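Before anything else, here is the set of structures, which you'll find just below.
The two complexes that follow have chain A in common; it is paired with chain B in the first and with chain C in the second.
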Partner chain A sequence: MAKVAEEWLNICGGCEISILDLGETLLDLLPSLEFVHMPVLMDHKYFGQTGEKTELEIPEADVGLISGGIRNEKEKHVAEEMRKKCKTLVALGSCACFGGIPALANMYPKEELLETVYRDSKTTESNGIPSQDLPALTDKVYAVDEVVKVDVHLPGCPMNPATILEALTCLLEGKPFELPERSVCDDCPTKREEKSDVALKRPLQDAEFVPGEYDKMRCLNEQGILCLGPVTRSGCGKPYLEGEENVPRCIKGYMPCRGCFGPIRKGANPQVEMMSALSSIGLDAKLIEDRRAFLNRYIGGQNRLRPLPPKVRR
Partner chain B sequence: MGKKIVIQPVTRIEGHAKVTIQLDDSGNVADTKVNVVELRGFEKFCVGRPVEELPRIVTSICGVCPWSHHLASAKANDAVYGVKPPPAGRKLRELCNAIAYTEEHILHFFFLSGPDFVMGPDADYSVRNVIGIAQANPEIGKKVVRNRHLGSHMLEIVSGKAIHPVTAVPGGFSKPLTQADRDKVLPMAEEVLEFAKFSIKFAKEDIFPKYLDTVKTLGVINTGFMGTVADDGVLNLYDGKLRLMKADGSFADFAYDQYTEFISEKIQDWSYMKFPYAKSWGDGFSMDSTDPRGIYRTNSLARINVADKISTPLAQKEFEEFREQFGRPAQLTLLYHWARLIELLHNAERAIELLNDPEITSTETRVPVTPRAARGVGCVEAPRGTLIHDYETDDKGLVTSVNLIVGTTHNNAPINMSVNQAAKTLIKDGNYDQGILNQVEMAIRAYDPCLSCATHKLDGSIPVRVDIVDADGNLKDTFRN
Partner chain C sequence: MSDEFEPKIIAFCCNWCSYTGADLAGVSRLQYPPNVRIIRVMCSGMVHPNLVINALTKGADGVIMCGCHPGDCHYIDGNMRAQSRAEAIELMLEDFGLEDERYRLEWVSASEGPKFAQVMQEVVDRVKELGPSPYA
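After this line comes the complex of A and B, so read on.
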């Protein structure tokens, strides 16, 4: 029986819910795999069941899943222990792969954050900075592969159950797994004319669409509604349940993509590539409000987002 | 000082915490702390973003209750932009809220807390989990897994994306519900209602009677409560006014945007999570369980306590029975589970009501908005308690300030008090084992805390200042490094 360990670091829990969204399939998997550690569902403790040990310990496993980036020393330590104990280590979700939304914090120096949160919040009675019995924060948010070696990246906010299942099945059989290098647009059913005759606008009103008929909707970028599909890895809409179509998830809501699956390939530069994608259909990318945060929303780790000098910041 | 026991990580809750129990020389409990050890920083990095993007950013505060953050943020956006969603837009939001509640309450009762009751608080840790339940009782296991998943599936159909949704927008909802999709979802909602009926019956017949003594003793404290009710005092999880009730049952009602006059937040050196309290009571703040001051609780038990009535028939019947048996306000901490199952039933009924509403398939779901400088407060009842999003914008609609108080944060002081009570009752003369420590954790699990939600804030590691406070929380002295 194959052993699986799961850990969550700087997280929201969405990736774990996505694992549960395997639904009854998860029950079918149970005879062939054993979860040896998973704090969200199971009671295995780091220092023994009554806290009697002095060293943090996670059981050995064939496959280790880590969700969340790294924001404090404890998370770093847990990531290192997972690496030590797991034969194959998977970064699950965009926080683990790229830092995720919490890495938007990398735009600000830590000192500035301190002041905002514990001194300047509306209802907070300022009374110092908590530190007793608490892990020290790292200087910024790190993707897991900035701290330990990662074997498989499964991005997405969250990754969908269909791909989690496919990847797990491959890895448990000892086969490699990699996502195809395709863009969200490659799977998007909307109509494209490769040009736009409107100005770029914020999504403050509906796109033009006929409910339920995605192939009749014109590409959102061509409608002037900024969509990060051209520079984002495809896979979010991969059907899992019977009767589902392969339509990108946000497009299903008639809403534009915000890049939650991250870059299409390693080494890509989505910021530059998006600007040229817009220019190629006649849109002025300079009109994007809050451009830096916008184009790096899920990928601020790995040095993509850094604090600007104070003058520019203000 | 005697030994220090550390439970780490606290498991089967959402997010990161540890419990520190300090024993005295004779092995009895001198002090306890629930240290919340994670932090992220949304209040800082939401500033500067276009406000209409926030409903798609704040969802990542919590992947378990993304709908609560999504909806509170969309409502704050409505207020900032000064618009009211059309009826179908509002109803679609409320439908998603109701479905999300069913999914989350099933998750909590059966996946997170259930193993303590079904497998037993002292069961071996390797089987005290949902997998243990599924193996010991495959039929229930299958039902539980299927019905939680039905919630996600329904949300996918209605909104396109169940986790970190995108369709609640300033001015309404971006995805009208087609007749075909409504017809797909309705039978699923009906199945979940059957499961909700089964759940409360199962708990009342097979679970609660077995643990009556535990319910009467574990984590018991005496506090006030807060939750949302409609204008007529009826329980409402999507919209209404806030009701803050004292332990004696007297209460004050107020509009969301008045919250700063009623609630304030303390900081303790040993937790990244802040400690809200009812400043309007004028009593100060104290977690001393013999004389608590300013302490109120949120989440299911609080909502059932502050509500006068529930709008759906089956849940109302359960509500009446609960109130007759436990009074108002009911204080026993483990009753949170019971209250949660009443809410599961209510939400399952409400989802069906909304799906049968002819207006729900209207294509008028959204009004357009124009940026302006304004403040907007959006509030919903998240499964884990009252969720407040408070935004300010400049004239381009870019965010200039964000204040968030989330469900679990309200319960920070009560959780600490319940843990203290549980540890003091259970650990005597230095005797404890994994089963006893698990019961201490059960006092936490009753609150279904979501510590990812509660630690949306971000700070640093360096103690730049240490304050000495007295028992009433008054500042006595300050040291800086």
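After this line comes the complex of A and C, so read on.
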């Protein structure tokens, strides 16, 4: 029986729901798993059940799952403790792998964020920055692998149940697990003509499509709807239920890819590659609204997003 | 050893004009700062924006691209491609949080040894003022 510890850090909780999405398969898996620590399910305290201990403690486990990035000192501490106690550490979801949506905050210095939220907020009564009994914020949002070594990355917002199942099975059997280095476009059934003759559309405008017939829909980028498919790793559309097609998840809803699976391979430069992908079909990258945030929506950690330097003038 | 910041500058020079211009600066014994590392490429138009961004995010403090004057390109319109790429590179620098002056495109012909030396001096002076790249 494999011992599992799960921890959630800077996260919404969607990744835990995604584990539940395994459905009946989870029941088959459960006999071989023993959850020793999981704040979302179990009342297991860090400093002993009655608070009698002085140091944070997580029980030893074979597999450690961490969802969410790192925003404050407590989360950093928990991640370090997880690494110490778990033989294999898995980063669950885009926040743990790349920083995720919260890492968009890395575009601004920490002081500016605190000012905006606790002092300059127009809609709430501000009482200054709270300081008592709260862990201090880290200088920026970190992906888990910036703080401790991570053995397996499972990106996705949230992850695909089929991928979780495959990864867990591999871990239980002691095999390595790695997502294939393919782009969303490689798995996308839409029709490509390698050129675009329309202007960029706003994100809320609809695509043209025939319901259910993905192969008759024109590539969304060519329709002028910005799709991050060319620079995003594939795997979101992997069929889980019987009769499902292998179509990227957002495309299945006739929506453009938002890039939650992150870069196709380690060390890739999605920002630069997306610009060349757009110019190769004749779209003007200058017209993209909020370009930095758009190109880094889920991958702002790992130093990809940073505050802009003050303009230096001659 | 002085503690002054010595920037690393990568210079992409096209084989037909600018590299020969750099050669001329050398054989004419013109002085220019030793911070510049020259990389010879066949044409300024072949340098993908990725290479510029990679240079700047992996240790270089500035990049200068040298090509033939408009109309002189050995491959007819390679330098014009470099120019349209320069516009895209400026957007990318903004996205990466780098000052746009860390990248410069300059036309240097084979006979312009003094211009080459002068441009290198200007670039090094400017990058020294900007300080090290935030990625260094």
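Throughout what follows, the second predicted complex is superposed on the first by the 305 of 314 C-alpha atoms of A that agree within 3 Å, B and C clash if a C-alpha of one lies under 4 Å from a C-alpha of the other, contacts with A are read in each partner's own complex, and residues count from 1 in each chain.
Everything that follows uses one rule, which is that a residue touches a chain if its C-beta (ideal position, glycine included) is under 8 Å from a C-beta of that chain, and two chains touch if they have at least 3 such contacts.
Everything numeric here is computed off the predicted structure, so don't read it as measured data.
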Quiz item: Between chain B (first) and chain C (second), which does A:149 come into contact with in this model arrangement: first, second, both, or neither?
Solution: neither
Practice problem: State whether A:276 touches chain B only (first), chain C only (second), both chains, or neither. | Solution: second
Practice problem: Considering only the touch criterion stated at the top, classify A:266 as touching first (chain B), second (chain C), both, or neither. | Solution: neither
Quiz item: Between chain B (first) and chain C (second), which, if any, makes contact with A:101: first, second, both or neither?
Solution: first
Quiz item: Given the superposition on chain A, which partner contacts more residues in chain A: chain B or chain C?
Solution: B
Practice problem: Over in the complex, which chain C residues touch chain A? Could you list them? | Solution: 48-50, 53-54, 88, 91-92, 94-99, 101, 129-130, 134-135
Quiz item: Which part of chain A faces chain C closely enough to touch in the complex?
Solution: 269, 271-273, 275-276, 279, 285-286, 291-292, 295, 303, 306-309, 311-312
Exercise. Spell out the part of chain A that touches chain B in their complex, as residue ranges.
Key: 8, 10-18, 20-21, 23-24, 26-27, 30, 35, 39-47, 49-51, 71-74, 100-102, 104-105, 107-108, 110-114, 116-118, 121-137, 157-158, 202-207, 211-212, 241, 243-244, 247, 249-255, 258, 260, 289-290, 293-294, 297
Self-check item: Touching residues (chain side chain B, partner chain A) in the complex
Solution: 5-9, 11-12, 14-16, 18, 20, 33, 35, 37-41, 43-45, 47-50, 52-53, 56-57, 59-64, 66, 107, 111-112, 125-126, 128-131, 134-135, 141-142, 145-146, 148-149, 152-153, 156, 159-167, 169-171, 174-176, 178, 180-181, 184, 259-260, 263-272, 274, 276, 363, 366, 368-371, 390, 396-398, 401, 403, 405, 432-434, 437-438, 450, 452, 457-467, 469, 475, 478
